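Each structure below appears as structure tokens.
Common to both upcoming complexes is chain A, partnered first by chain B, then by chain C.
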Partner chain A sequence: MIARIRAWALGVGQAAADWMEVRTGVVSMLEHFLYEPVPKRGMWLYTLGSATLFLIVLQFLTGILLLFYYVPTTDEAWNSIYYIMTEAYFGLLIRGIHFWSANVLIVVVGLHMLRTFFSGAYKAPRELNWVVGVVLILLVTVLAFTGYALRWDAEGFWAWEVGIKIGSYTPFVGSYVATFLLGGDTVGPATLSRVFAIHVWLLPALLAPLIGIHLYLLRKHGEFGSEFEYTKRLAELRERKQIEEYALYEEGDESPRE
Partner chain B sequence: MAELQKDPVTRAQFIVMGTVGTLVGAVLTIPPVAFMLSPTIKTNFLGQSDVPDDWHELGSVFEVPSGTPKLYRVEFPQNQTYNGEDPLLGKGTIMNAVLVSWMDGEIPSALENASQGGLSASQIEELTSQLNVMSNHCAHLGCPVRWFPDRDEFLCPCHGGIYDINGGLIGGPPPQGLYYYAFEIREDGGIYVKHEFTNGEPWVV
Partner chain C sequence: MEVRQGPVKPVEEGEIITDENVYDRPDETMGFFPSQIVADLVVSAILLAIVVALSYLVPAPLTEPMDLSTDTYVPRPEWFFMFYDQMLMFFPGFAFIPFGGIVIPTLVVIVFFAVPWLDNEPGHSSVKRPFMGVIAFLVILTVIINMLLAIIRILNFPGGSP
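Presenting the complex of A and B:
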């Protein structure tokens, strides 16, 4: 009985997948998206990119949810977060996920970068993807930093002040950077509005297409680094040498070189 | 390449297209960029400030002790975004912590001979030259400094900036001493400050 139900469910699932595949090509698209050959040695380290992507998606989703309650004004910002934490259903969970996954994201993205570096996956023809990755890590760092300030509590406020002060040391344009980030020459409501705009709109708008480019380049050149390529190159070299030797043998030289 | 070009662009067409392209590009980019950068343009190029150019009373010179600084808080009115001068927008304020001390911690002789009733012009001049009116924001990254009486120094909790009682830099990463407010002493001994700094811009405050 169970076997029959299982067979029936499998058949229905297969039919549904086929129906979708014929009309949208989504199944083959997913297959292409989800599967990527990686070297056997240290293969788990190659999941760090997917983990980063998962955490970023989590940030987007929980961030959108937090926007339903967060009020970006100097008077209400902290209160609205307090409300989320204490009054809104599952607010503690949603904000907790946003906060902790942001922290974990920084660690995972750093490990992902280290893995890419040590596996030599930044080498030709993947240099551009490395550059895109570096820009992405900078964007994620600024996102984390601006998120810090949105709480508008003492810790976030002082962290943002330190950030503005660091920005003010930029050679030649320091004062312009400071006034741009402050929204004037003092900290105030415009400062929080700017932090909010940068955190919620500007940086995600830059991040999303860059992630798309990062994934496109990954698909184009593959994820694995030099080690895998080296093995492939060696195999190709052996094959070529073998063909050359056979060619010599066929030409009459009966003692092919080792 | 040249022979593949079916419709060669004439010089006149090139100039027209270039001019129109530049104009369209300017129309599309200048408004959003100027919109985003308007605080920078107003502050850095037009010299405007969020805080009106008024004097605010801090306290009296007779309150400033010898050997230790006195901390004042002053609430400056602030016109920024929602806190404009229009009555519909309401008024905002920004609180500043101001450290006031005598030069090397020593009360000037002019003050010892003065009465609270009135100060002469020469006494005001001497007191002004002997008074330090400083921001409590560290000149490194802006953290609030505190006075440690057992060391006779201001210390910054963030990265260890050290300043003397005059706000002069003793050690640590700050590139300069504490920021000095523009101030004046009036005949009754009142100390008045403006939201203006005479040796750099601390930002944020």
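Presenting the complex of A and C:
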């Protein structure tokens, strides 16, 4: 009886998969993504990249939930956050996850960059993926900076004000950028609207496609963990070179090279 | 099920390893699914647990509402901007702020972008790339020292804690 149910379920599953495959190609696409061989020894080091992606997704999800209550006006911004933390269902948790995952994201993204650097994983043909990664780190930093201001509390606001002031010292364009971000000469309702638009719309819209490009280039060139993934092959290469050199030496054609 | 061979090149019979093909495939490989995905899920679950625990144990900060009429408030940077904030202390005055706050960070960012082209040392191991290794070590050391100096300075703020 159980065997018959299992066979029937397998048959239905297979038929469903075939039906989807013919119409969307989703099964072969999943095979393409899931069954690719990847290096084995550095398995845990590679999780830094996926952890970064996970935390960014968490930022998107909790950010969307916060948007249900957050009001981006100078009069209501602080009150709405206070409401989220004290009255809204799971508000404390959702805002906490948004805040702490942003902090953890900075740590993880930094570790991910260090891992890439020290393993030399940016070398040809992976240079462009490094460049995209640096852009992503800059975007994450600006996201953190603008998020700080959205609280519209004393700490976040004045820190943001200091940041804008420093930015206004940029040669040639500083004053224009500061005026644009402030929405005028001084802080006002337009300031918060612009910070909100940058944090919620502009930066995520830039971040998402760049993450896509980062992942595409990763799949195109493959993961490069570290040289220890190639220990045996490098040893074989050294051994072969030594044998060739000694052979040349014995023939007396030339002395061994250093 | 047929396993797709991706960027990791397949084993060739009687392959001779040369400088050109040594990095074509690692010594050992595994399927992305399930091994790597399981590792990714484990790390993500641990991070989620940490973040959820912190959300309740140390709620996200919210200080008093912003008051434009005050001009005595001393803001503290988030921990990840502390090294940058501290760097500004080394360039006091209006003449030097653009240099410490804009020019140097911009140069650092440009160097970050150019790393793949600046690194001409052979091999991938950091042992075989002493120049880049030393530079990276100095950058990390500068960031850590600046952060520590910033924490000490912030602790000395009136009623300050980092």
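Everything that follows uses one rule, which is that the second predicted complex is superposed on the first by the 182 of 258 C-alpha atoms of A that agree within 3 Å, B and C clash if a C-alpha of one lies under 4 Å from a C-alpha of the other, contacts with A are read in each partner's own complex, and residues count from 1 in each chain.
The working rule: a contact is a pair of C-beta atoms (placed from the backbone, for glycine too) under 8 Å apart; a residue touches a chain by one contact, two chains touch by 3 or more.
These numbers were taken from a predicted model, which means no experiment stands behind them.
After overlaying the two complexes on the shared chain, residue contacts for A:Tyr35 are found with chain C alone; chain B is out of touch. By the document's definition of touching, of the two partners only chain C reaches A:Phe118; chain B does not. Between chain B and chain C, more residues of chain A are touched by C. In the superposed pair of complexes, A:Thr24 makes contact with neither chain B nor chain C.
Contacts of A:Leu55 after superposition: chain C is touched, whereas chain B is not reached. Contacts of A:Ile164 after superposition on the shared chain: chain B is touched, whereas chain C is not. Once chain A of one complex is fitted onto chain A of the other, the partner contacts of A:Ser193 are limited to chain B, with no touch recorded for chain C. In the overlay built on the shared chain, the residue A:Ile106 is in contact with chain C alone; chain B does not reach it.
In the superposition on chain A, contact is made by A:Leu182 with chain B only, not with chain C. Shared-chain residue A:Gln242: touches no atom of chain B or chain C.
Note: residues 158, 161-162, 166, 187 of chain A belong to the chain B contact set and to the chain C contact set alike, using the contact criterion stated above. Every residue of chain C that touches chain A in the complex is listed here, in rising order: 1-8, 16-19, 22-23, 25-33, 35-37, 39-40, 42-44, 47-48, 50-52, 54-56, 58-68, 70, 73-81, 88, 94, 97-98, 101-102, 109, 112-113, 115-117, 119, 123-126, 128-129, 132-133, 136, 140.
By the touch criterion given at the top, residues 73, 158, 161-162, 164-166, 168, 175-176, 178-180, 182-190, 193 of chain A touch chain B in their complex.
Contact residues of chain B toward chain A in the complex are 36-37, 39-40, 42-44, 49-51, 78, 80-83, 92, 94, 140-143, 158, 195, 201, 203-205.
On the side of chain A, the complex with chain C involves touching residues 31-41, 43-44, 46-47, 50-51, 54-55, 58, 78, 81-82, 85, 92-93, 95-101, 103-104, 106, 108, 114, 117-124, 126-127, 130-131, 134, 138, 141, 144-145, 148, 151-159, 161-162, 166-167, 169-171, 174, 187, 219-222, 224-227, 229-234, 236-237, 240.
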